[in-house]
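In what follows, subunit A forms one complex with subunit B and a second complex with subunit C.
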Partner chain A sequence: MTAAAFATPRRVRTDSLVTWLLIAPAMLVLAGFYLYPTGYAAWISLTDLSFLHLRQGGDFIGLENYRSVLGSAAFWRVMWRTAFWLTAVSVAVRIVLGLALALLIESATIRRYRLRTVLRLALLVPWATPHIVAVFIWRWLLDPQVGTINKALVATGVLQQPHAFLADTSTVWAAIITIIVWNSLPIATVSFIAALQSVPRDLQEAAALDGAGRIAVFRNVTLPHIMPTVAIISMLLVFWTFNNFVYVWLTTGAGPGRYTDVLATDVYMRGFVDFQLGASATIGMIMAATLALFGVIYTRLLARRALAERL
Partner chain B sequence: MRRRTMLFACVLGACALWISTAVAGTLTLRYSDPDWKDIRAALDQYERDNPGTKVALDRVSPADVMPQFLRETAVGTGPDVVQVGFVQVKDLATAQAVLPLDDFTKPQKATQALADYVALDLATWKDGKVYALPWTTDTFAMVYRTDLMQKAGITAIPKTWDEFRDAAKKVHDATGKVGFQFPFGSANGNGIWFAANYWWWTHGQALIVKKPDGSYGLGVTAADVADDMRYFDSLLKAGVTPKAMISVSNWADPVIIEPLVSGDAMSTLVPPANFKQILVEWKERNPNGSDPPFISALVPEATAPSVTHAGGRSLVINANTPDPKGAWKLVQFLSSKKMFSDYYKTQMPAQKTLLKEIDFGPLLQGYAEQLQRARSWGPYAEGPVPIPMMWNETARDFGSVFVGESTPDQAAQTLLAAISKNLK
Partner chain C sequence: MKSAWSDAALVLAALLTLLFLVYPVVVVFTGSVQSSATLFSGTAFSFTFDNYGRIFESGFARFLSNSLFICLTAVVCATALSVAAAYAFSRRPRFPLRRLLLGAVLAGQLFPWIVLVTPLFILFARLGLTNSYGGIIFCYTAIAIPFSLYMLLGYLESIPRELDEAAAIDGCSALGVLWRVVLPLMIPGVVATATYAFLLCWTEFLFALAFLTRAGLKTLPLGLAGFFGEDTVDWGAVMAGSAITTLPALLLFLPLQSRLAEGLTAGAVKQ
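Moving on to the complex of A and B:
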């Protein structure tokens, strides 16, 4: 008797029921913690709800908030800062530096001097530092009057007088990105180290025997092998950074002026300073939609990686 | 078996009784100023005087008081008594987050006593009910380092805004020290909002005015706003204020206080509690008994005399409190004469009679005079535009001028457009 003989319609129905029963708790949790808040935020974005009228509720105004937000030049400036400065630049810097650091830690020289463990432990320090602590340490370091960085730059003649890094539009984004990179570079580096360790040595040695130089081996053997990890880490960093509120708010409060105002700080200011929860939820929904796009790309990357591993 | 069940029920009942007693006798006070240790000491005394009552002290930053409390009250929670700014009371009443105090103050004596409080207009909502008890009052005044002024050959306190800029520049040029240490930052709860308004008020203008027909409108033109922006920008451009101050928003920040204590800055503009902090720290570093080289003075004037805001804190009772009477009793204790004489010495009471009894002394004389000239936020608080929105927008647009992102004319247009939109 074959297995197919057991797959009666009744058995299939029972299996299906059991499957649904088994995943029901997880689905309920997901619905309660994700779907309901998202749906509620979507509803608020269609109203004129004020923070002062939470008990009374807001009036339904259709897509007015979306028309107002998307039609405002200020919103697109905020979107540009979020997409370019906060996300693209900071993610690119972390990927490049993370990869460079991973290659350094995995290099023969570091192995020879047995420094890998020390370097790996050192990597954990910024990672283990809470965001708020990292920001306040850096604000102190960058301070023009008492900051060590300014003192060092003046002492070495790089600067003639202390520079207010967080008050100058030419340096404020560089300062914020430095803090983000310092605090979250280790996640990229550690992942790349793991990926580098999985590259087959015999492939690299075979390429070297065939006359390929170090750069050629890296470009043609190592990089293609670790590329799925690079792609996934890039996507994760985009998720974590695009909607990050803490770094910008604690470092500059979205200032000077509105120069570092990003989507997350705009959501906060519109909702809890201007009391316009409807407009605030609208920006939140736009952020969610943008990240959902990245989510689709991320899921496809994961699927492609799984397929490649199976083949 | 039955005995075990009985024992278990007894233990359970005792636990429930203990929890209910503990919860029933506990009040929570939310306080956001730095001198919380004085408050804790007072609350300890209150607990000793009222056996069975516990008061938990909850702290949040001043900028988070409103959003945090509004979020909590919307879902039926939050502390029983909260310290809020004078100008926040009407928004809290609008949100139905606080209890009207009229039921507590109905006895004639209490009603008469209410007239003794300053800024009662800001505690009274449009329904005519009083929703907060003014607790402390203050305003900003100028603080000068007299030793630095003498070094630069300045013998008189600057009277006008132009004289002030000239004096600060003179000190900066002669000593290399900072002329005016003040937070020019744009972040939430910034200080530039106050300075900008003082400039308007001393020029006979106001950002928000009440019109004869009872509606509210703008009391400044774009040119007035741009002039205000140009003045404060000129302090940065002249080097009188360090550019780094653009990234500082809080007047209580150590980077504002420290240069005054150490003699690296000639002047600042702060409330009395911060000046007292400067004096305490200076005395700790100079224990030889010499006179502190400070003086407090009026904010500069222009076409109109010096004027600042009548600021301060009120106490509100959460609409969700399970113990309104206990909360009111605590509010009465906190605003009692004993509280200010024994515990809360850094702040000034909001009762006019108690204010008259204060000996400001020569160093704080500027604050005594400035308080006489302080005005209520009046139309700002009564009008339809939330003060936090104007506060934030003003600082953002001033900030965009300070960093060269916008011209004063552009930034003034942006500011007025944003406020006009909310006035409709």
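Moving on to the complex of A and C:
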């Protein structure tokens, strides 16, 4: 028997009123922060609004911003960098390394040498480090004059002279990806460890008894079992990384030149450096639409398949 | 013989991983108490609090107090609003729009913040909220609500509904049930959620960068970024400032992490 069974019509009415009163404040804040500005950005993207004429407002120019942005080769280079270097490569590295590290930590050898707890505690250190601090530490480590990495590489003879990793176009992406991987590898690893621990031991043992090698057990028993976790973590990492402004902005400021300019830094610079609010909002809308499209396709295709396999 | 070699390889991999994970943070804390001269040469270690003294002389205390005030206020607001909303979502499963609203909250969690910066800047400029505590507290409250709501929803599900129902039958109003019965039981959950919300605000950079340009209002992350000059970087100051920013994060994060790992795959936590 539930409380509702005792409810009179009047009680029900005050009940739903109370429900709305409890929910409304949070929803109003969210609407004011997410919904209204997004709608407003959609409107700005159809105007030629500039910072210098904020008071007069911009003129409605239809889809002109979208035409010029989507028609420019520079925009597509930015899109490619964001999708490939910033997102695809860094997520793939984190998934592969995260899985490898999770397997390492859960392996019998590491348990035997009592390294498991130490490693799991060490994982918390980069995870707890704020993004901004992660960037600053690595800028120090990678610095050509004072950085430890350059000193070590020169001392061991790998490099003849110190290398400015962040100023060279051939190394700058590797450096940014290293920073991102360091900071958020733990989030993937910890999730994979949890998934690995939930793989039924008897299934693995049965497969091993039937003559499956360690690799076969991993491929046919362990991997299918942890795939849903891999799929969800991959998606979360894609969203977080694709949207991320701090890593690139604080590491290189989109440089050298504009070599590491990604969508998030482009939105910021067009708005707050070039003062073209219309174009800035246009790129922001394209960015949000790209992510939404990715989310829909990804959840439809991959996550559903991964879940179906598990059931 | 073969297994001895593979054991050695695995242990070596583990030790290298350990170095990779921990060394950068060790550098920050040791570098922060090292004099600039030895920091650069890397030879002798001479202990000093000069770096800390220098940053506090140049106004770091102001950044610290701004950050504390802004984050604590935002966390209190976000947690209060989220407790109320999560309670209603949890205990009234059949009210209309429930699924739509919860879905929208989750989507907000994955939404690119950078898209909001320009329109919010214009709105704030019109309302006089740029360079104000009010504007940034509003932003931080809003970014903390989505995952707070989801985390609290998880905690509420673990509190038996029979308790509320018993209280309701005894004549307790809906708000009375929340205040007298449910809230006392979910205090650990509220503390964990609020701690995580605090860390999110404590390290936020983008909105602070866009909306706080006056020196007296800047937060810790902005103050830290300010140590990077046009051509020179005061590394000693960067290390000391980074240590001050990271220490509370490390201390608050340790007791939290097991709860976070649970909620993570449910999409309940923003990185």
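By definition in this document, the second predicted complex is superposed on the first by the 263 of 311 C-alpha atoms of A that agree within 3 Å, B and C clash if a C-alpha of one lies under 4 Å from a C-alpha of the other, contacts with A are read in each partner's own complex, and residues count from 1 in each chain.
Heads up, the rule we're going with is that contacts are C-beta pairs under 8 Å (C-beta built on N, C-alpha and C of every residue); 3 or more make two chains touch, one makes a residue touch a chain.
All figures in this text were calculated on a predicted structure; none of them were measured in a lab.
**Student:** Sharing subunit A, do subunit B and subunit C clash or fit in the superposition?
**Tutor:** Because the two structures are overlaid on the shared chain, the partners are seen to clash.
**Student:** Which partner chains sit in contact with A:L159 here, subunit B, subunit C, both or neither? Use first/second/both/neither.
**Tutor:** The answer is neither, since A:L159 touches no partner chain.
**Student:** With the two structures laid over each other on chain A, which partner does A:L203 touch: subunit B (first), subunit C (second), both, or neither?
**Tutor:** After superposing on A, A:L203 lies clear of both subunit B and subunit C.
**Student:** Is A:L30 in contact with subunit B, with subunit C, with both, or with neither (first, second, both, neither)?
**Tutor:** Second partner only, subunit C.
**Student:** In the three-chain superposition, say which chain, subunit B or subunit C, touches more residues of subunit A.
**Tutor:** C
**Student:** Please indicate which partner A:T109 is in contact with in the superposed arrangement: first for subunit B, second for subunit C, both, or neither.
**Tutor:** second
**Student:** Going by the contact rule set out at the top, does A:F272 touch subunit B (first), subunit C (second), both, or neither?
**Tutor:** both
**Student:** Contact-wise, after the overlay, does A:G255 reach subunit B, subunit C, both or neither (first, second, both, neither)?
**Tutor:** first
**Student:** Applying the touch criterion given at the start, work out whether A:L123 contacts subunit B, subunit C, both or neither, answering first, second, both or neither.
**Tutor:** After superposing on A, A:L123 lies in contact with subunit C but is clear of subunit B.
**Student:** Now for A:H53: first (subunit B), second (subunit C), both, or neither, which partner does it touch?
**Tutor:** first
**Student:** Identify the overlap between the subunit B-contacting and the subunit C-contacting residues of subunit A.
**Tutor:** Subunit A residues touching both partners: 54, 145, 272.
**Student:** Give the list of subunit A residues in touch with subunit C in this complex.
**Tutor:** Within the complex, subunit A contacts subunit C at residues 2-3, 6, 15-16, 18-20, 22-23, 25-27, 29-30, 32-34, 36-38, 40-41, 44, 54, 101, 104-105, 107, 109-110, 112-113, 115, 118-119, 122-134, 136-141, 145-146, 148, 151, 182, 184, 186-187, 190-191, 194, 229, 232-233, 236, 239-240, 242-243, 245-246, 250, 263-264, 267-268, 271-272, 277, 280-281, 284-285, 287-288, 291, 295.
**Student:** In the complex formed with subunit A, which residues of subunit C make contact?
**Tutor:** 6-7, 10-11, 13-15, 17-18, 20-22, 24-25, 27-28, 31, 39-40, 42, 81-82, 84-85, 87-89, 92, 95, 101, 104-105, 108, 110-123, 125, 138-139, 141-143, 145-146, 149, 164-165, 168-169, 173-175, 178, 199, 202-203, 205-206, 210, 221, 224-225, 228, 233, 235, 238-239, 242, 245-246, 249-250, 253-254, 257, 261-262, 264-265, 267, 270-271
**Student:** Which part of subunit B faces subunit A closely enough to touch in the complex?
**Tutor:** Of all residues in subunit B, those touching subunit A are 66-67, 70, 74, 91, 94-96, 185-188, 242-247, 249, 255, 259, 386, 388-389, 392, 395-406.
**Student:** Please give the residue numbers of subunit A that touch subunit B in the complex, ascending.
**Tutor:** 51-55, 143-145, 162, 164, 166-169, 252-259, 269, 272-275
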